[in-house]
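Mind having a look at this structure? Questions to follow.
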């Protein structure tokens, strides 16, 4: 227990978390600090490329085993099922209507890649290894939840909310293509490729993550200001309970799959995190009547900070306990 | 004396200064070379974050002493008083009217963070240490000069030029929040935090500064072309004499405060430099009748290049002479 | 022969080439992956600055010899003459009209700086040295081809297509100024300057090149989709034969000049590559009736990928054979 | 100079709907349009600003189409079908154009 | 399709004045507006271009408000009070809108 | 508020032609204009989008000039001379402005 607190404290005073806090602070005092949209996009391209590439190199290093396929399968199933749990929990805890609840549920089945990146950076600083293919699992978990959310909405009605264009947009959205693509590049070029570009994707990585989280803090803070009045206490409680619930499901899967401590943390983080890029975009197209303030504020303003600050150390403690680490 | 010239020459043929010269050249021959606005902003976010963080880590390393508080106080007082000297000097040397002279004066009380960064990079390349908290002094010197400028304008009239919105905008402007925030982060995470992100904020630092100065050269060159006809010889003379005057005031303060050679150079540079971001923005709001061409051309087109090329080596020579360096 | 294939394979599975392939793939499946314009510009500023600087440092290191002047002269002559060959070849192979053929020809006389950078990165990974001044040759080869193209168009007619504004725009375009400027900075500051900024321009170089080529892949892929119907088989054949032809001319010049293996590869690459920045812009101004889809698709969609994937290893094999390497 | 009467239609719409809108107006026989970026805005669904968003879901843009008067109605119908359930604004102005053969 | 008469007001103003302007027009009862980025321009105070500036002090932007005709006068008064001492331009056009209930 | 009749001229043109166009309209006696960035578009010469281009050769932008009615014709003549051989669109709208002394 004391360990958890020590780890949480150490996590809290890392440059990464404090950069997020700085962004949050700047937004809440309405400073004009802002990261241009093009730069935010560049930072996210960098992070996706680096994390995908490293994952691929690590798989090239250690070889592919059955774990990869099974983990992908587990990820897809979790992504598809978690929305139902989220939907139920949200309807119980708050008075949010069916449509908005379904939209929110889709976000929690899917994943947040920055939360994933933050977890890998905690692993790195602790010197804990993880399965490289967890990056591929992350990609696989992005989309299934969207289908579940739409099914929850159209159940009983005649909703044809998915067209083939939207399908293509979801499955081939930029983040997935870049993440999977750089994973494959990393796998194909292996440690030699890593040597070529480690001065770019390894050395400055944590620093870039800081700037990215500074921007996330700004965005989350502005979202909180705009959205706090749309969320009651029940919804906010959901934003904290749901990631913990998700992480436990992820924990169970990780045990079944026999993942390492690092892999367990990452799978827990994936199932605990909520999407704030791919799913919102799909929801704007497929469920325009749903209120983006609700799902963005929950995902970015409540669950993301919770995971970053408290969730990840908690999940890591659990993963270590289970793996005798 | 020979030393000053050697140092000046060495300073002149550094990548940093030559990059500025390249930008200046490109602007003056009207090349279409340009750095996109978003990128310029990203570079400045990077520099502020890095310089703040390093300052914080250095204070964490050496501990806080009374010097910090006294230096902050000295900075605030200098920032508030220098505009009066600048105002008088400008009125004597040129025929610029009261309103525009006050606007210019505000710029010279405040500071230019890039000039500060350039001075730290000279210190680094010479292996001279400085008080880490000078970064905080820089932040503290940004705003007071604005008040003095507005007081100079409204003296005798009923001018209510400051409203609370403008106050908030000045005190919480992005640069100050980022600089102070990253200073605190650096202080909180200390050398350990530095280890995490030094691949980002130390190794590529000077190179990024080069690109930033390339852009500054472009901007200064365009400003010169646009603004040179609004400045007479008197005003240009002011743009060279004023930084020297400011640096001497800073030198006096540094002696009183007992700063190290490095700290002395930095305080001299702060008081010698003129704002080109925070103050112009405040002036556009509070003194829209003042002509931005005058103050931007003086600050960016005359004083900034002077400080970069000749001022910093001069101030360093003086600082070294005084500290027996 | 086996060596060529081995080298080609090794070249193919480098992060650099695979990143290009990823961008191409993403564009062809119409993913929404995209690199913001400002970021693409920043990447290209970085590459130009780094490659120019390194070239300058290398010349400072090895001293200037007669080779520099002669190589510049050879470059200018090749740039001016290759368009005539290209024009003839294209008119023979395809039914593209005189005006568009001239516009295309101008592109092939000029050079593509990214292809050049990709070639230098192959040299680096193979540990093969090259004359640093090839960077200056690259700059010298940008413009002459444009004149030849315009001469080809106006031959016999009264075309006054060049005005002094366009002249200035071409000779002082951003890429040339930045490349030559950073070459001079590198030359002036030498190995000492390099030490200051190598953490910025050396360590992350290949990684940045990957992201740039990712974007080039996206652009090339979108260009192919848009432009493929304007190109017949003949034109596509031209897009492959012309770089090989150019490379052979470059090879001859390199032999005459007595360049090293690395220098030979670079000169071959320059003469083999086709412009996609400076020349298209000039053509839009001087030859607005020419169809940009034709010249951009040929240059970016056919010749660039060919050079990157097959051309460079081929040229290197030839250069090594000739130099007994 | 000789000008010709036309209509300028300005549609402010969410970025995620861009390709759906342009496809719809192309299907309505409109071949020319220009897309302008939008920094931010305010409406019934609240305020937003480009700098404060990380999610592709929130940006907006403007599609400007200049059409002959007789093409206005099909264009509005097509645009309306897309905009209907979404936030956004459609605004039509009379205008004059050079080179009428282009529209 | 059924359209409704409205006024399109386009205000070109310095970036530093953005929040002051939008606050003023909100106080005048206008709830919808769209902000467009501006690349550069020229006027009595000279030329400027976005790429050539490092200082937040110099950029401009456009605020476009579509309002019912009866709201035009309060809007112009509010805008004028802000623009008065500053550089910038206010331009009003007649237009037609779909979905009048939004304005 | 007191407004004055004017013309709003919106010229969509290739980026490479910007300085030629602004020089031409300045020579025609127009001193004020605003340049807006363009994200993408479609026309007789096909579609394009800012994100998908690496070449400076392809971008477009909009130049908006507000002029007194009597300056319209010289402006259009000047603009047309530049736009003539190039792709692009010129669109004129009636408008009202505040502070007429500025135009």
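Each chain carries a letter (A, B, C, D, E and F) given by its place in the written order, and its residues are counted from 1.
Please note the rule applied: a residue touches a chain if its C-beta (ideal position, glycine included) is under 8 Å from a C-beta of that chain, and two chains touch if they have at least 3 such contacts.
Please read these numbers as outputs of a predicted model, since none were measured by experiment.
Chains in contact with subunit C and with subunit D: which ones?
A, F
In this assembly, which chains make contact with subunit B and also with subunit F?
C, E
Using each chain's Cα centroid, which is most distant from the centroid of subunit A?
Of all chains, F has its centre farthest from that of subunit A.
Could you pull out the chain whose C-alpha mean position is farthest off from that of subunit B?
Centroid comparison gives D as the farthest chain from subunit B.
Subunit C to subunit E: how many Å between their CA centres?
45
Averaged over CA atoms, how far is the centre of subunit B from the centre of subunit E? Could you give it in whole Å?
34
What's the distance between the Cα centroids of subunit A and subunit B, rounded to whole Å?
A distance of 41 Å separates the two centres.
Tell me, which residues of subunit C touch at least two other chains?
Answer for subunit C, listing residues that touch two or more other chains: 32, 34-39, 42, 203-204.
In subunit F, which residues are in touch with two or more of the other chains?
Those would be 36-37, 56, 93-94.
Which chains are in touch, pair by pair?
The complete list of chain pairs in contact reads A-B, A-C, A-D, B-C, B-E, C-F, D-E, D-F, E-F.
Considering the complex alone, what residue numbers of subunit B touch subunit C?
Going through subunit B, the ones touching subunit C are 13-16, 18-19, 22, 25-26, 29-39, 42, 125, 202-208, 210-211, 214.
Please give the residue numbers of subunit D that touch subunit F in the complex, ascending.
Those residues of subunit D that touch subunit F are 1, 3, 6, 8, 22, 26, 31-37, 61, 66, 93-99, 102.
Residues of subunit F touching subunit C in their complex?
Residues 14, 16-17, 19-20, 45-47, 50-59, 85-87 of subunit F touch subunit C in their complex.
Report the residues of subunit A in contact with subunit D in the complex, numbered from low to high.
27, 34-37, 40, 44, 165, 215-216, 218-219, 222, 226, 276-277, 280-281, 283-285, 288-289, 291-293, 296, 300
Under the stated contact criterion, what part of subunit C meets subunit B in this complex?
My answer: residues 36-39, 41-42, 45-46, 49, 53, 168-169, 172-174, 177-178, 181-182, 184-185, 188-189, 193, 196-197, 199-201, 203-204.
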